[in-house]
């Protein structure tokens, strides 16, 4: 008696299943041919500045974390890495004037911070390096009220407005300098109580690590950003290939990272910072 | 016995046209009540008021003891309705249509299943239960609609022209179901129709015309009271028509071609003589039926007026079925 | 108590019927699948090179996502808009072919009948919107389960409001054919003027002011409630809001409530 009406539902269910399979299958279509081009030419082009230690270094044995990373990625994709050193990178505040084109670069690295501003132009793949504003001083303490500090903002696109606001609020006399060399000179001459700059810019100053302590500015006032590899927007297939390679290479990448002194655990460090009222020193090179 | 439906002095109009003009009637529980009248008489309007789709402008209507204006939802619990045009969802299967009805009437799953089987068996559609209604014939649809109206065990069944557009055999079959129901379940049935032969078995026939009830009673009582034997003569010749009408004061024109007169007032033999002899196409006697009751009361024929409209309705039904 | 169970059954019944009908309506299903394919796969890929920039720092619109990611939430909204507003056809169907009377003579209160219908239409529309999510991989939109649930919840709310809107239209349109033309002339302008396929509003990002559009077009975009629906869905799916985060959900919730109330007033009048 109780015949269950089965077949009226069977077909719609099959239809929906079919649609789902079709859509999922379609989602595997390549949306562009950026990866295909790279594979066809057999070359992955990486654009980097002249120097951005330790991410990019003018040293053949240790060319920098980003360059080695790109090498591994190229290997993974099965092509050769070509590093295009672009001295124009960082010369100007406006990246448009760096004149990096899609023809020259598949990936831009060495000083690309994963900020919203960068994402306006590039798709980013964060690496394990992290950047933010750091302070440099003899005793590793935060600027005292009324003290005088040198500031070199660097080029990686951190929020300068937030920094100047913070300096004003804390009643710190800021002295804007135009190069890392000038910053170091001021420090060494003792004309200032300390210096504030971007993390990797600090390592570019070449200051004496035994003498000075480098530390993050308070994390509740300043966001920190991961450094990233930048790919052109819309180069989806290449982006996916690089992302997949990074995931696969995770272990190797960490090893290289620790060689360049990037894999200290900054989480622990920030906890330590919190415990010591943000004044704990932080070694940037080993 | 108690009255299950009570209508008091109901008025309704569409725009400026009066559809119901002070209608009052009572229906006894368990009886079969037929509303007879030509299309446009106000039958469907009255039906819509009874099943709470429309509020009367004046008057009071009680269905199963509930005022249809003040407590329409209570009234709806006691009624099952079969509308003049199909109200099935023809993209669903028969069973899904019934299940839907059970759900909106709040039946529990077990009762729903039980009643679906019961009514499907009643109308003999078990083998078709999983078919999409779009593939059904007019008769099957009607049977399914009747089955659906009975699913929640209503006390009253309203049927608006239940057999319109169906062939004689299907009509017969549907009336068999309905009679069976009345005897088995003591259900009250209110039908509207313009098929005279379908109301002969009703307990009470109510004749409605132009928004007014003009006669009410058992078919026998109505025939006894208003039924007369009529002579109908079909005359094509206009002169002859005039002559006959002039000669017999009780004769009256019927439609464009006929003349009717009470049998006792006219000598049929006389019409067969000169000067009428060749002008008449047909002469016949009409025995006292409910149809002649209608004729006596209104001077119009029930059937002539409705045939054309019925065809229009059938066409509409077909159109509806195609979607 | 019994009353409440009965009411739930009734709403379920009306809902179930809409779902059943939708699964048998092949045309609607094909529309639900072909729209995202056309918009995302063809339009999205086709316009991609024009939005990507050839020189670092030089793109026409500066937003922190790719064009496909930007388009993706809008295509979901489009699919929901079509299915929801076209739902009105079901309402006209019921009215024209008499099925409505069957429901109206049942003991269900009208508000619950309408609720069941709107829930049914919204479920179908949400499903059609959800189908687009299957293409997330293509657009490089990564979704966690939480985001997926939030997106579906938001889509349902939007579909509820738009379905009610469709029913309001249905009460004012007589024929099926008329409605087809009507809905197309309504849906597409609403869609195009919602910052959906081009970022029409300079407030999208600060740098976006570079590409500025005439004031009247910006005004249209700002006045269009769909702009805020698209924006809220972008917030959920690609973490980007051009307006305050609460604004989108608030407007969509407001739409759902107001349109349902108007639809109910209409429905009580029939």
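Letters are used for the chains, namely A, B and C, taken in the order the chains are written, and counting of residues starts over at 1 for each.
Note that a residue touches a chain if its C-beta (ideal position, glycine included) is under 8 Å from a C-beta of that chain, and two chains touch if they have at least 3 such contacts.
Being a predicted model, the structure only gives us computed values, none of them experimental.
With B-C and A-C as the two chain pairs, more C-beta contacts join A-C.
Chain centroids computed from C-alpha atoms place C closest to the centre of all protein C-alpha atoms shown. With centres defined as mean CA coordinates, chain B is found 84 Å away from chain A. Look at where the CA atoms of chain B average out and do the same for chain C: the two points lie 47 Å apart. Between chain A and chain C, the centres computed from C-alpha atoms are 38 Å apart. Touching two or more other chains at once are residues 20, 24 of chain C.
Counting partners per residue, chain A has 8 as the residues that reach two or more other chains. The multi-chain contact residues of chain B, meaning those touching 2 or more other chains, are 96, 132.
Contacts from chain A toward chain C in the complex involve residues 8-9, 12-13, 15-16, 19-20, 22-24, 26-29, 31-32, 94-103, 105, 108, 116, 119-123, 230, 232-236, 239-240. Considering their complex, residues 2, 5-7, 9-10, 12-14, 16-17, 20-21, 24-25, 93, 97-109, 113 of chain C touch chain B. Taken together, the chain C residues at the contact with chain A in this complex read 20, 23-24, 26, 29, 32-33, 36-37, 41, 44-45, 48-49, 51-59, 62-68, 131, 134-140, 205, 207. On the side of chain B, the complex with chain C involves touching residues 51-53, 73-74, 76-77, 79, 81, 83, 85-92, 96, 99-108, 132, 148, 320, 323.
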